Amino acid sequence: MSGEALKLELLDDLRSQFGEGITWSGMLYDMPTVCIRRNIHLQIVDWLKSSEKWHFNHFIDITAVDYFKQHEEYRYEVVVHLRSHSKNIKVRIKTPVPGEKPELPTLTTLFAGASWSEREVFDLMGIRFKGHPRMTRVLSPDDFEGHPLRKDFPVKGKHRGSFPRGTVISNKRREPVVGKKTKPDPLDHMMPTTVWEQQRAPMREEKGDA
Amino acid sequence: MLKQVIDREIARESQIDSRDLYDLNLGPSHPATHGILENRVKLDGERIVKCEAHIGYCHRSFEKLAEHYSYNQVLTITDRMNYVSAMANNIGWTLAAEKLLGIEVPKLVQYVRVIMFELNRIIDHLICTGVIGVDCGAYTGFLYFMEQRERAYDIIQKMTGARLTTTFGRVGGLDRPLYNEFKQDIIEWMRPLPKVIKEFHTLLTRNRIFIERLRDVSPMDRDRALEYGFSGPNLRATGVEYDVRKADPYSSYGDFDFNIPLGSNGDAYDRYMVRMLEMEESMKIIHQAIENLPDGPYHADVPEVYLPEKKHLYSNMEAMIYHFKIIMHGIRPPVGEVYQAVESPNGELGFYCVSDGGPNPYRLHFRSPCFYFYQAIEEMIEGGLLADAIMTMSSINVIAGELER
Amino acid sequence: MGVEPISSTQWPGGEAITTKLSEFVGWARKYSAWPMPFATACCGIEYMATMASRYDQGRFGWERPSFSPRQADLLIVIGTICIKMAPVLKRIYDQMAEPKYVISMGACASCGGMFDTYSVVQGIDTLFPVDVYVPGCPPRPEMLMLAYTKLQEKIQHESLVGRGA
Amino acid sequence: MMPQDFVPVLITFAIVGGFAAVALIAAHLLGPKAYSPVKQDTYECGVDYVGDSRTRFSVKFYLVAVLFVMFDLEVVFMYPWAVNFRSLGVFGFVSMAIFLLILTVGLLYEWKKGALEWE
């Protein structure tokens, strides 16, 4: 069976299996795509993986897209790509997620590869995954505020404006004191862990600083 | 008597509770972690009991930047993703954009792309296997391979003007016509390669210490690798035959015949051997592509996407209009989304591009193979020795730009 | 080196050369700076090319890279420094022994380069003082070697009581 | 052996001791002293370290260290013998053979006792 017919047959199987759960299904540039409702996100991936006929066992990718102000009922869309090694075809599953409290069940129970990609989606887009073993940020520092890949997050970041070019971060206490051995300063353990905090530090009042 | 003492000691050790474990940072600034990987490791003696991997030390937010770039400017981001083989990413992105725009590029462009892709695969494997040697202590092999890479730089400089960040090709074809002694240069470059690779084989492949360091280090079985989303040499090392060039051929890869080396139990030695054998396959492809390199236009005839040449600009009217339209209006693909996967030297490099009809991609996600290797590292190095962890990290060939996008 | 030969007439014993002590000490130190390559991104590959046999950096006496700040005199920051890496880099700079020098290799380290984004530190001179900036993305090995010679001149003409002597 | 014959040995000790002392004292006096709490902190790949390094570790490491020291000294004794091997003639050869034999017995004992395996 050629690739094309196989993909169409896959779409028919999915429609027959999850009739009303699927809002739209079709071929997008030679990739069978299925838009589903939020509640069957876990069941459809589980079915795809465990069905002997299709056996989608190769995890490809999880990512999310922020359709900001383009749809009323949902804002984000989580896109899952899977591949069946035996049949050598790929499938894309798109799940809409509302804007206020974006939440989805995690896929790590089915695919170990999903753990870090879901963490990345949480880190950059702010969509939480219930039941994820380590739901923390993976790419940004731990005390980073905001989710950068959202459309309303500026490219240059929110706090950077307060730091004029060339100001050397040298909080006085840490300046090496030549010659004298310094007592351990109790405040020293509070060295700002990330530049993030330093960048919010108020600018020193230079006289005539432009 | 001594043996009983040692056995009792080892027996006592086995029920060691976490209080006695030794915490160590195999941290970001460490010669073996390629500068950006951090593993917080709990050691029991030399054996790694638990590992917690952290990344993000080189997250340069490519995807956020790409939303403000035009379709041709994204090329400047892609060659900083897997910067060891920059042209492979550029070609991948141009294929994805052309698929989105529905452009069919002429045969010459497809063949040149295949040649440059395989050339980049060879130089990527050269550095990866060289670095496996360096992490193992064998520095000489790395120098032999770096020399071959420098000779490849001469060709890349003639093609694109840059050594590393090449911005090769445009959406719709090549950025400039081929320079005329392109064929001889490639053949001349590949002439000593088999000898150098044979030298590296005699230097390392049957070296007792090298085999001892790499054999049975972090073995990965087939289904677990598929579940983790492995692809490329690390997946083929486990014996799974998946190569995007064969699975869904792009850019006329179907015209060449080459076979795919497969490993058996997916340990570090298999990953090394698969990369070494893949270099020979790539050379076969390049020879075939060079022999029947067709001649023809070096870009597709799509004036509203591909900028007309400068000399036509002032003479004929349409070129002027198209030039103005592309520069001011930008390339505007139809609304839709596309996923184009390419077999990059590290694995399946995917470009998921959502377009809303505007001049720049609405959302662009790079599916980077390294991201999925490195999340498996916690499971791969647990149970092994500390020295095995170093070999695991260098054998899966994690590249910073691609890992953290 | 500021060297003035003394002719045999002034110095009965024979030829001699005089120079300042700081010049002499600078001359002795400039060929033995142990670099700590803090490589994060694409410039790391160009640094490897500079270390490899064609553009061998050993000719400048900087053959021995040290991967711990304790034995390093020179910190070469190679590649993009992100906000998550900045405290690590600042700590490594603080833990280097005086006299220490910094080369910021590449546009990303010098000024954030093409990544004017939320997650990249716009130039490592916001963290600590830098001696030599190397432009380029990535800079060619020859540009890095020019940076070496520039730094050697600086070490040469530095006064003994200068920065941490 | 006349006491004067020991003069060269004393001179070498003086030179060795002197060089070490001069190097250390000069570094201490001339070197810049810029102490700061962060500089005194331990360096562990640039991030905050957890726990301390004085925890208990397995006896295997100590065993390997002792074996190494023993066989290293054995080699150190062979250097002077190897240098004037010819002049020592058969007598030298036989005495060194006995010395090596004794140590080989020690090695075989450890091998049988299983001290060489790592697991």
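Order as written gives the chain letters A, B, C and D; numbering starts at 1 within each chain.
The criterion applied here is as follows: a residue touches a chain if its C-beta (ideal position, glycine included) is under 8 Å from a C-beta of that chain, and two chains touch if they have at least 3 such contacts.
Note that the coordinates shown come from a computational prediction; the quantities given were computed from them, not determined experimentally.
A count of C-beta contacts for the chain pairs C-D and B-D puts B-D on top.
Centroid distances from chain D, each centroid being the mean of CA atoms, peak for A. Centroids of chain C and chain D (each the mean of its C-alpha atoms) stand 35 Å apart.
Here the CA centre of chain B is 46 Å from the CA centre of chain D.
In whole angstrom, the spacing between the mean C-alpha positions of chain B and chain C is 31. One inter-chain figure worth recording: chain A and chain B are separated by 22 Å, centre to centre, where each centre is the mean of the chain's CA atoms.
Residue numbers of chain A whose C-beta contacts span two or more other chains: 139-141, 148, 153, 155, 174, 176, 178, 191. Residues of chain D in contact with at least two other chains: 32, 34, 36, 38-39, 45-47. Shared interface positions of chain C, defined as residues touching 2 or more other chains, are 84, 88, 91-92, 94, 98, 117-119, 164. Taken in their complex, chain D has these residues touching chain C: 30-32, 34, 36, 38-39, 41, 43, 45-47. Taken together, the chain B residues at the contact with chain A in this complex read 55-56, 59, 61, 63-65, 68, 99-100, 223-224, 226-229, 240, 242, 247-248, 336-339, 341, 348, 350, 352, 354, 362-363, 365, 367, 371-372, 374-376, 379, 404-405. Those residues of chain A that touch chain B in the complex are listed here as 3, 28-29, 31, 57-61, 63, 65-66, 79, 81, 85, 88, 90, 92, 111-113, 115-117, 120, 124, 137-141, 148-149, 153, 155. Within the complex, the chain C residues that touch chain B are 38-42, 44-46, 48-49, 52-54, 67, 79-80, 82, 84-85, 88, 92, 108, 114-115, 117-120, 137-138, 140. Of all the residues in chain A, the ones that touch chain C in their complex are 139-141, 144, 148, 153-158, 160, 163, 165-170, 174, 176, 178, 191-196, 199.
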